[in-house]
């Protein structure tokens, strides 16, 4: 918090990251996003301004897909916020209990799914949820709930939710780790003071720990948001690029990928693809700006 | 009835044996002060009593029941931490009222108690500030306030006044004494301040290296220390210790003489040259080199000008000396 | 040469104006003690001097140069923080030696200095421990050690002894005094402890509410306080303040009488009933209700048994009283 | 100094075949040229290849998807014209059509193989339940009914989760019999028929009837699930492509047979989808163009055709050589070429050039037909509208 | 922490919840692992059964070991992952420190700029990246992958680390400043050790996508010598036939090293606690 002139060490601290990042990330990305303003006809690239966006939002064939993907994406995000983050926080809160036995084991075990590649996750869950091979139906019938079973991944009404839950399963370790790290940095004595004050258990969580980890929860929310609106792999490995059944699991990532790189007989269209990517970028940017300027600056941080 | 009883209490941190066979009884309404050198285990003992650390062995009894397995919140105690341990996200008022809210006290009651505590601790201007915006002394006062509002059966104070200035310290000390009389709760109080210990305590517990050295009323300890350690520890400046041989005693024994019982005069049992004179305003300490390793301190009432280097004779009343054997035990 | 010169220094935290027009000179080799009530801005002033806070206005000069824009590391200072600010991940030895390693001191030199500091502060048994495994007093000593090993031109101590017990405090105090003589560095020292302030200081600076109230040598301030605030602030117990009307003075004026200049006898200017007697061992404080709001304290040398409730006459030498006008200024 | 040629391919499955048989055969007769086969996963192939081509880091030889995907590469200058190769004469015009410009002036890939659609069945199950191999649609459904009644086998092994099964093994499998193969396909391209015409809608109606015979939860059944269901002996009939033969031979421990898509009435001309599927071309920017051409020429040879067709039964050579095949199932499939009219998948040529993409739409439509979420007529209309939105002859 | 503070009921509930979730977390992994030791028939006949004498088969592992130089792939993956993580953590932490510690003009904007990268999938920049690598001759080197992953991981690292660095006590850094430590030393000797838990978290976050990435190895470094493990296992995923035995085996093998890396980093996390902040 020194004086506002940029000092040499600030530059030294920033330089490596900024250089690598600009050269290998920002430059290529914007080079690509630029394509959104062009189109190609007969091997000739033409500048068309915002025409591609007009197509994307104006032409019902495109806009319907776009809004469908966006709506699905929101649902995907909502599930993560409602399921993944609370579970992650709860697990972290339990795990951060001092001297909980086997904590390291639990922590690692819960983190295992996050380490798996999408291929494994897709395979395992398809195998488990498959109506044919019987793991889920058998397990359900073992507890007498066989009637609840449905081929979840194959039904329009369940597929997206099912995938979102699988994704939650896979990534719950991330909020858990972050919150865990945040909880650990709360000074022991503050919690002890609370304990003597009778603020224990849930009350300690709500009244002391939660307010102190709010910045981390903010970070997690924005990371979830960004991650979800960029998500692609799980849907792609589980349901393919067409995000079936009937596009019910199509999210912006799959929509963009399909358009950008093409799929089967459909040729890649980098121009429309970039237009979609730009739209995604815009959506995420708005979210991140709301966070950075609206939320992050308002979250009180405490130095321990 | 006894408010607190510790029986054969031991506490180790791994290999470090911090508390050793502590036996102690605190009566209902008693004000007990723990004193002892830094690192002797005072805070640890408080933490064990509070239930923040497990006793390695031994029994802790609060009121009628053994509380070894009772969680801190259920022990009916309030504690002021040496490091304050304020809730960083709450302002002063919320810091003080959180426990009461948790107890579901009526709103008016909470407000009244917080107002009372903040008045007593001169915290009124800061009620809306967060701990990070307070000075060290202000934080300490908030920590005291937080304990005070709870009106528990047993108070544990860990050096609650160490960051306060003399005036405020005196005020707060008096307030704590008043509080003690009003609440009829028992108090256990850790301090390094002689004045606090002597004036507040019904009973002083002198700890050394995890052991209780002596327990007794302040004047009792001052006048009848059980051993050299207690004798030296209480009183400021410390008691002078002179080898008995200098005063015609037997070899190995030591004689202790309190600085205030020594007078500087024309004749005396000891003589030496003045090293340094400390002017404290109300009194003057004269540090004299009597040829022993440790300097000899004389405390004079009032202001005196003595040149460093002057040779002085030190006289004292034999009856007011203490004799200790080589191991430090008092020879009566 | 002047070691430090502050000119018209001001510091605000947002709307809170904490330091107000501070002007102060510290001579080379001088030991300056800051005292003042909690929250008066002592720590803030130290932090501004150290360069940890920017002055809102005014000039800071260390040695020959204006250092307003010099980073802390280049100001040639060492500081002991009120909150210790130990490096939690380094053990005691590493905490003390980090700065020296940074200066690329030879290894032997580092070891020697750390050994010297740890001996002086009785930290030898703890050199391998992390701060979390130390008691409050031990942490404070490490913080002192960390500053001491650096042997800088200007030391800043923020209440470095507040968590130490009397014996250790006295030792450390003497060591700091010795250090000061040896190093010939200047020291600025914040304390709440009267004894420390009186014995260590070449010059005491009394702060109140962000302003300098008086600067002078200890005995000078004690004997010639510029105003009622300084008079009351120095000396423990505090000076008694009695409305001048009680002693035949004019209305609105106040008379200050130090407790140690009062004797209890058969006749006196004031009379009252004893509320409470504080036995401190070496001396006794008698608190008397003389019908004013504030009780009247008498400090007696030695141990006395006076019953609470007894009526006493209080006598004192008119020459040893101080007179203040309604605003608190001293009337000579 | 040896030249090393790198082949880009999506055929992970063929890695060992290339390494153990094809490459050694080629290298033996062509000293000085080394060949490396570097396949990538099929789903990523197009995207990866395009990126590499754009950046100029792609291999010398490029495995070609049929029709537009490769045409686009040629148009973009990534694929070289290989019409001039000596051995191109070993391929019929039909075989080459999948890798030619629309006017046929340039051929840019050497055809390798086609795949034929039909149905593979579990012979033991047919005997056990006493079902005859169906020739007509009526017989086909009668057979399915019988299996359903019997209950020990799932009549049809197909799922809709992966979507393309329904379109490829469903619609394009049985469809040619309705739209009369090439006749209908070309008419559609010319704009003379519409997807709302009955010959294009009727297959959806038939597909809709399939759902009764699919396994429980077929909605979530994936393509590998279907394969496994069949090869583990739990299903009786598998709507197939000939490419399955290799895998099925390895995995099934019962005898299998194949029958061609049933005709509507006995005696009707039968049509089969004999789909040109894979070819190989030359990266226009290859630095080893000469060696690569040598290799491509060799791909047009009989030697290659024989090795390939026998190593990969079910991938039938497109060359005019009479390649002897040993696998009985493969022989069964290839024998239909003599009995029926061949055609290729209706959506592949030209019709999938725009957005919406007719092929991809057909996937969804076939799934919807089977699940019964939309009527065949509605589907036809949707597809027609989509096609007409960008394809002039249909407007 | 101790008996008095540990309500046994709570402890039981805590363990109950954790065990339940652990089961949920591990069940699919368990399914994968047991099936990787079974014949293909047994996988699909009874996916939940443990391998027995009949169904036990190492065929998958054999296929994996036969196909390609798996130890080389392994080594490549490890090098790429570890080196990328090193750069991500180092550069990311440095930038995060600059952003959280110093107030300079454009601070927030710089933060936003560095965050842009997490908002667009880097894949769409593939062609430009590949172009760059072709021009610099880095195609088919591990360096290309390391650079891309470093760039890709930085935004997240900066984002998370700067949040955690804001919590490091100001007094502590100031004590360092007064001790004469340079800003660099303060960063390396004081701040970095104190945000170790966060560093471990960031490392774990980034480790997974890097280790599991298929796309960039495929495009930037598909050569045999630079193949990564994930890319190596892709040969078993075919167009029509997927060799599930081999896929399961290869992927089971691939779990191990990440698991080990994870354990190493989470150790750091624990170590971070024990050295925990102190007043």
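Note that the chains take the letters A, B, C, D and E in the order they are written out, and that residue 1 is the start of every chain.
Convention: contacts are C-beta pairs under 8 Å (C-beta built on N, C-alpha and C of every residue); 3 or more make two chains touch, one makes a residue touch a chain.
Source: prediction; values computed, not measured.
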Chain whose average C-alpha position is farthest from chain B's own: D
Which of A-D and D-E has more C-beta pairs touching across its chains: A-D
Between chain B and chain C, centroid-to-centroid distance (C-alpha), Å: 20
Centre-of-Cα separation between chain D and chain C, whole angstrom: 92
Euclidean distance of C-alpha centroids - chain D vs chain E, Å: 39
Rounded Å distance, chain A centre to chain B centre (Cα mean): 56
Residues of chain B engaged with two or more neighbouring chains: 51-52, 71-72, 83
Residues of chain A touching at least two other chains: 2, 133, 187, 189, 195, 302-304
For chain E, residues that touch 2 or more chains besides their own: 1-2, 5, 7, 44, 126-127, 169, 182, 237, 244, 276-279
Chain A-touching residues of chain B, taken from the complex the two chains share: 47, 50-52, 71-73, 77-79, 81, 83, 85-90, 98-99, 102-103, 130, 132, 146, 150
Chain B contact footprint on chain A (complex, rising order): 187, 189-190, 192-200, 203, 207-208, 211-212, 300, 302-304
Residue numbers on chain C that touch chain B, as the complex places them: 13, 35-39, 42-44, 82-83, 133-138, 141, 158-159, 162-170, 192-195, 198-199, 218-219, 222-223, 232-238, 258-260, 278-283, 285, 299, 301-303
Chain C-touching residues of chain E, taken from the complex the two chains share: 169, 171-172, 174-182, 185, 189-190, 193-194, 275-279
Chain E contact footprint on chain D (complex, rising order): 10-13, 15-16, 36, 38-42, 44, 48, 51-52, 54-57, 224, 227-228, 232, 241, 243-244, 246-247, 251
